[in-house]
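The structure appears below as structure tokens.
Chain naming follows the written order as A, B and C, and within any one chain the residues start at number 1.
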């Protein structure tokens, strides 16, 4: 099957308008005859479910949490971008578009990104009208801040809980539609598989997490908004329940998985403290505005710190290596996420890490406190310092913070065309779960923007493109197609319970996570990826022979839920490694050690970049890698969607 | 560190439920409270038992899903945190820790320490929203909001809907939650047109769900992980009386 | 208009409405207590002013005043009690399974025992009415019949068990008020973050002042012999007058 991205003709800034004009519409009276399933209730799913119901569609919305308000969008701290130009600092739709394409290291689809920038302003209007309490200036107008190294102040925020406030706005809209009968909500219900009828996605099979009952739901179209797959690493900043099941099941039913190797590593997280650790906590990136990042110059000093023989205060100024300031004099400690993460890994690999595990660097506020006073620092970062102290027991006013990069966001996802439809007709995918807008690297405050753009503005318009060709209400759950999938799911659940092995689910998840982190994490090589591809099937076989899932398949069984998700991660991990192996270049969240600039590169000699920077190979890899499932353990088939850059010219990202 | 746990175990709503005792030995002091439970569960599973079930998700204090009562206090006696943000260094070696679910009739127990808080969702559906259709909003800056108002609204909006207020209240009242959700919207000009309808709808649904009544004990405020003020309750009392009077008059 | 849609019914049936009833009736009772105390303290001034005050109460609005007041008081009390008992019953139902390990962060003991302090005060109230208003004790009744309310009050506080019960009841009233007065402000929506401390302080101070104010009377009489001599003289006069078939004391005749 060839990939048709369905990008509309015409100039970049008119594609979206033209597409909406050219698309078929569904008569208002007919909309209620169509049922749409939305899986996931985060910013993308919740916004889609609420908006589609407002338009008149019958919506069924599913989430695994106990309430749609708890989806992990809630954890986003920083803010949401929009091209409002309220600050009069030269921002525009085009600039936001340009920054996003460039920030994505030229691996995103231009037309989608432009649409994202176009609708960004309407999102802010919509959320404000819903009652999202964005920060304001004394005049009563909305405040903005500069975020993630952007040259303009385009980020709207609500203290440190922008994600939670946007999600509550979205959830309230959803509850409004629930009360009006437009949406039926199914919380504590996990999607287990997609059901296809005549090649089209026409429903899903779910497991009721209270009764354990496996049930089918039929619809005229299915939307997946199920988030990212960062938990394939076991440790990430994702919520414990975040999983790849919905996306993987869709993939196994024919949806191509695009760019799974693009994973974003956030540089400022609290380091791992032991093998019992269940998740990693993000510290806001804003800390890097005033904190200085360093490790000791000498390995001996680092060793002494790790073993507790020395404290950071014992290291003389001259013996400290402020490596970001040294390597990137103009950006310094504010170097982009991928760059600073990799630099931290390098110094730790060099034996100069400072946490007891050797995996940590200092983020030091001593100079800032000396310059600005403790009160100013407290006013700026008080709540973050408090959070850090709660978790680590250290007081960052007195001793430097320890930080280390952690998996944070996944840019890859199900391949979708301009209408957000996957390669399975009728199956759509929104938000972090799809691949489309961030390319190889996501900019700060862009995830919330994309989720809401997809949910509020894109899918309500584009779903009609599919539905207009479908006769509504022809599908019922008593069709054989549903019964078959139900049976498969039932058997899978029972199989997990009946392995009755001797290892816990978590032990397998941790083993997989470690393999992925070491071999397909911040830096990858052909060798490490091949090693991972050898190890993953072994762990998977071991899992199915030795996992112990106590209890029964019916009723509440948290271990069974985890086991089903880990089983899917064990299948998904392979396609991720295949993708990383195939992409013989470095770009954004994908760094192959073989492909970096060296002293001898002409670009380094001319001063446009530094040695050690990501070497993108546009001539060979300016495409979206969309993988077709060929069976568990079998190598997936690669399909390429060539990317063209008409509006933004390909250039080397440089932060020197 | 070594601890003794007294954990509420209850298979389902029909089961009677009982406290069971577990030895939690060699717990790393840096672990979080939920990681301590992970370790205990891992051991229970390895010993052939069924793990202790508890709700949790984000483990960074924002999703509101974790819901444990630790030594009689929801989210523990540490102030301004959810139980997932609690760390073992706050306990003493050799201590006995009681772990119970959030208890309230309106939060039916599901299993062990998991409860059903869907009553909160139904209260929101009864009016806790601003009825604005996607696409119909005006420019965000067309309606200025005084900074102090916006801040007060934000203070209330910080609620994460965890239900600790209900669990801590001697009467299992949901007034702090309902009043915070109402205040978040009522304080903003965007929420003004539906204010009376919202207040009446939410309070009536709250009563129908079987929560108790507020007797001004302020336990809710003391345990709230987001430290939401009981000032919101006073505000709701006032708004409700006014809304009811207006409803009767018109 | 059916029962379920009439505005007062809706008000009474809702949790907040019922609490507002409790607050408003409570406010009435709180203000009454202050008035009651001020009047009672006249006992320390002189028997004349106290008896004068008592007679005023019984004769204002041609004797209708006291009954009007009593009726209002009874309605307020009844609403206060019915509402709180109903609310408490609902609160019990709202938590069918208690915590095995119960703990409290900030709620005072007083605030948690409102129903018990309240019900004990109700028992005291009945006793107090029988004691000084209905006057089941014949001796006290006789004193009152002769408009000797000062002497009647002093006579009523000669028994140590009675006085101890009064002190206990006032203690519970103090506890009840220390939470109740502040609660009025919260329930009526008048308490803010900024005024919270002032209101809490006022609430406690009010309760303490009332406690010491009220117990000062029985304690002075019973333990410090306040007015004992004058009381005995009055009793003798009243008995003499009664034997003589009079209905009032001769030297009090200027008014009656």
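Here is the rule we use: contacts are C-beta pairs under 8 Å (C-beta built on N, C-alpha and C of every residue); 3 or more make two chains touch, one makes a residue touch a chain.
This structure is a prediction, so every number in the text was calculated from the model and none was measured.
Touch-path distance (fewest steps) from chain A to chain C is 2. More contacting C-beta pairs link the chains of A-B than the other of the two pairs B-C and A-B.
Chain A and chain C have Cα centroids separated by 66 Å.
Per-chain Cα centroids separate chain B from chain C by 40 Å. Chain A and chain B, compared by their mean Cα positions, are separated by 27 Å.
Note for the complex: chain C touches chain B at residues 7, 10-11, 13-20, 87, 90-91, 93-107, 111-112, 114, 179, 182-183, 185-193, 196. Interface residues of chain A facing chain B in the complex, by the touch rule stated above, are 47, 50-51, 54, 65-70, 72, 74-75, 84, 86, 122, 124-131, 133-142, 158-159, 161, 163-165, 168, 171-173, 175-176, 178-179, 185, 187, 210, 237, 239-241, 273-274, 276-279, 281-282, 387, 390-393, 456-457, 460, 502, 504, 506-507, 548, 550-551, 555-556, 558-559. By the touch rule above, chain B contacts chain C in their complex via residues 6, 8, 17, 19, 69, 71-73, 77, 98, 100, 103-106, 109, 168, 170-173, 203-204, 206-207, 210-219, 221-223, 229-231, 233-241, 244-245, 247-248. Residue ranges on chain B touching chain A, taken from their complex, read 12, 28, 30-32, 34-35, 38-39, 42, 45-46, 48-51, 53, 55-60, 62-65, 81, 85, 87, 89, 110-111, 114, 116-118, 120-121, 124-126, 128-141, 143-147, 150, 153-154, 157-158, 160-161, 184-185, 188, 190-191.
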